[in-house]
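Notes follow once the structure below has been shown.
Labels run A, B and C following the written order; every chain starts at residue 1.
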Amino acid sequence: MYQYDKYDQGMVDARVEEFRDQVRRRIAGDINDDQFKPLRLKNGLYLQLHAYMLRVAIPYGTFNSVQMRKLADIARKYDRGYGHFTTRQNIQYNWIKLEEAPDILAELATVEMHAIQTSGESIRNISADQYAGAAADEICDPRPWAELIRQATTFHPEFSYLPRKFKIAVISAPEDRAALRWHDCALRIVRNGKGEEGFEVYAGGGMGRTPFIAYKIRDFLPAQQIFSYLQAILRVWNLHARRDNIHKQRMKILVHELGEEEFRRQVEEEFQTFLALATDFPQAEYDRIAAYFTPPPFETGLGDEIDRSDPDFALWVDRQVVAHKVPGYAIANISLKPIGGIPGDISAEQMDIVADLAERYSFDEIRATHAQNLVLPHVRKADLYAVWQALDAAGLASVNLDLVTDIIACPGLDYCSLANARSIPLAQKISERFANMERQLDIGELKIKISGCINACGHHHAGQIGILGVDRKGTENYQLLLGGSGAEDTSQAKITGPGFDEAGIVDAVERTVERYRELREPGERFLDTYRRVGLDPFKEAIYG
Amino acid sequence: MRILTGNDLKSGAVIWWTGHDWSLHVEDAVDVGEHGEAVLAAEDGARRVNGGYIVDAEATPEGPRPAHIKDRIRALGPTVRPDLTLKPADPTAGDWVI
Amino acid sequence: MADFRYRDDQPHEEPAVTLDAFLEQPDATAVRLEAGEDARRLIPFLDRLQLIEISFPRFRDGRGFSSARILREAGYKGELRAEGDVLIDLLFFMRRCGFDSFVSQHSLNPADVEAALNRYSHVYQNATDEAVPIWKLRHG
């Protein structure tokens, strides 16, 4: 994976000192909270319900054992012994003190980590396929491009005071594991007829209160021109977005208002301007970055057989293990969704165990997924049993990848100052309701996504079953949505009808699932059945 | 009754106005009547509170109970982590929130 | 008078006229662009302009960064001034986008200004300043 050189290190070190100075000026009263807020947000520091919250970037979801151990140390030393993996492949801490935040950033910098642009109206952490470099179906590793874009968009002078946040994702496989088209700008690496690498570019997606699925703005962009093209998109948006209403300043709104054709025309025109400025990074720099992502020294001649004599292990293998591009290796998914647990939460002790496993069995690599799980990307099949035993002992061997209990949930009203309703208790109750393994396997793929407010951090618009918490006259109320997808068959979920209280929504989810089991044809996932029969049969089951 | 809350600037901790200072415990909060804005302006200016605001609350024998669930969660702590609330030893503390 | 000015030539203190006024009678040498006004409309007149003032009505409104770069990229050599809700932590980015003078509605501490402008010894990307991007340093 990528390693900082003196320049990268110098940037994060300077950032720490800059933030230390900003905190000093805030505590001294030189700047007020209105002025300080954007500065702390650009360093991932929020003020939440109970304390400050710090969001640490995990660029394109890739990190190593040293970094994971540092995350564990920070959890113990500055927080309350745990962290929370987010839907943008980042990790956040819930109990941070402002006066300690600069020290935490300084500790992160010692392991080549930071919190730069993890919040605020900035170009956010670049997300990517969590199986990058390991997936059997990818055409290349997308991370060198993600890293190049990370550098190009870090402290960009023209685009550091954007109208709103701006999210970029990069993948290179036909299967979309990164919720690509729900991003402001989404890049899929493809090859043209001449075998050259380039990007299929999508723009104008996003969740929030006004969801849009990104549309394809370019079939093929020569890879070397990506920075020019991104700057063109950003400039069109920066110049023309509304600035009078925070809820209408995301790029998706501008794209929608201008129309796809006009937006594309303006971007292409601005693109010519940027091309002439020659700001694109040269091939040599791409090559330098890509060298850090050469495949690890995989052994050859390994067998593919797995000893399945332990039935619990076999169950885990069948669900959590995914095909690797190299024979004899596998991708192991670590669920952070135990039954009744808090989605994405992980204790410092568990972090240390995952770090040990990565170091010993996965060429020192760990991945975070947008579904709030972790991945050991390069495990020898012969080692899977040892990995599973260690995970099982640490409470990390839940079997539920993409099943009904693998629920995405935002922190909700238990932690978040923006939330209208709690998300986590719902996730806990739904997972308890469907705890039975046979039942889960019978239901098959079913992605439930819960947000505690319309900002949609819990991706409810992309939920096969989505749940949105709202505030109805001071009490928590939950709307049910069906039919969303964040995969390659992207779609936006639709609201079924009137909302429910907490007990009612869990029952409504169960009635939805039972109706699916009645209606499904052989081989159909929930989403397939929903698309075939439509909303009505489900409404009937839900509302009677 | 109307009480005042906000977060401590340096620690981020939830705090409640006691009439002369800030407390971590909502039980210590006092009714500010019509003086809320004035107190907040002075305290914010002195950076003794961050993001302060006025909360409607009900006076109960156990002390003020904020009208909105969000402020009750702020007063106690996350309902999903009773061990991290202000009353980790009280298994029924969460009932006060709901 | 600019609060902070990073040019060697004599300050040009003719009052700036609005963009509309300038376009009607383009003999002024100083123009003020409001946020949201199209900087490209000034491109035909850049040779004769000595001062362009770009307004930042709220520090969060970053349109002026693009306007500044557009003017510099089109060859404007005169003074480019950021005016309004100009805060210390914007200055580094403003300099990189081509601003070379600042008039802030706040009183900025000169030591803090100096520190903010010199905090980063390197930059990742080209802009309109002379800074050499890191990728270029890496490859000699």
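Assume contacts are C-beta pairs under 8 Å (C-beta built on N, C-alpha and C of every residue); 3 or more make two chains touch, one makes a residue touch a chain.
Note that the coordinates shown come from a computational prediction; the quantities given were computed from them, not determined experimentally.
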Inset, instruction - Quick one: label the inter-chain contact graph as line, ring, star, complete or other. - result: line
Inset, instruction - Would you indicate which pair of chains has the most C-beta pairs in contact? - result: A-C
Legend entry - Chain centre separation in whole Å, for subunit C relative to subunit B (CA means): 46
Legend entry - Between subunit A and subunit B, centroid-to-centroid distance (C-alpha), Å: 33
Inset, instruction - Could you please state the distance in Å, as a whole number, between where the Cα atoms of subunit A are centred and where those of subunit C are centred? - result: 37
Legend entry - Multi-chain contact sites of subunit C, meaning residues that touch two or more partners: none
Inset, instruction - Enumerate the contact residues on subunit C facing subunit A in the complex. - result: 35-36, 59-63, 65-67, 69, 73, 87-90, 92-94, 96-97, 109, 112, 115-116, 119-127, 134-135, 137-139
Legend entry - List of subunit B residues in touch with subunit A within their complex: 7, 9-14, 44, 47, 50-51, 67-70, 73-74, 77-81, 84
Legend entry - subunit B partner contacts - residues on subunit A that touch it in the complex: 26-27, 29, 33, 47-52, 80, 94-99, 342, 413-415, 419, 422, 424-425, 428, 474-476
Inset, instruction - Please give the residue numbers of subunit A that touch subunit C in the complex, ascending. - result: 5, 7-8, 10-11, 14, 17-18, 21-22, 25, 30-31, 35, 38-39, 121, 151-152, 154-163, 227, 235, 238-239, 243, 273, 277-279, 281-282, 284-285, 288
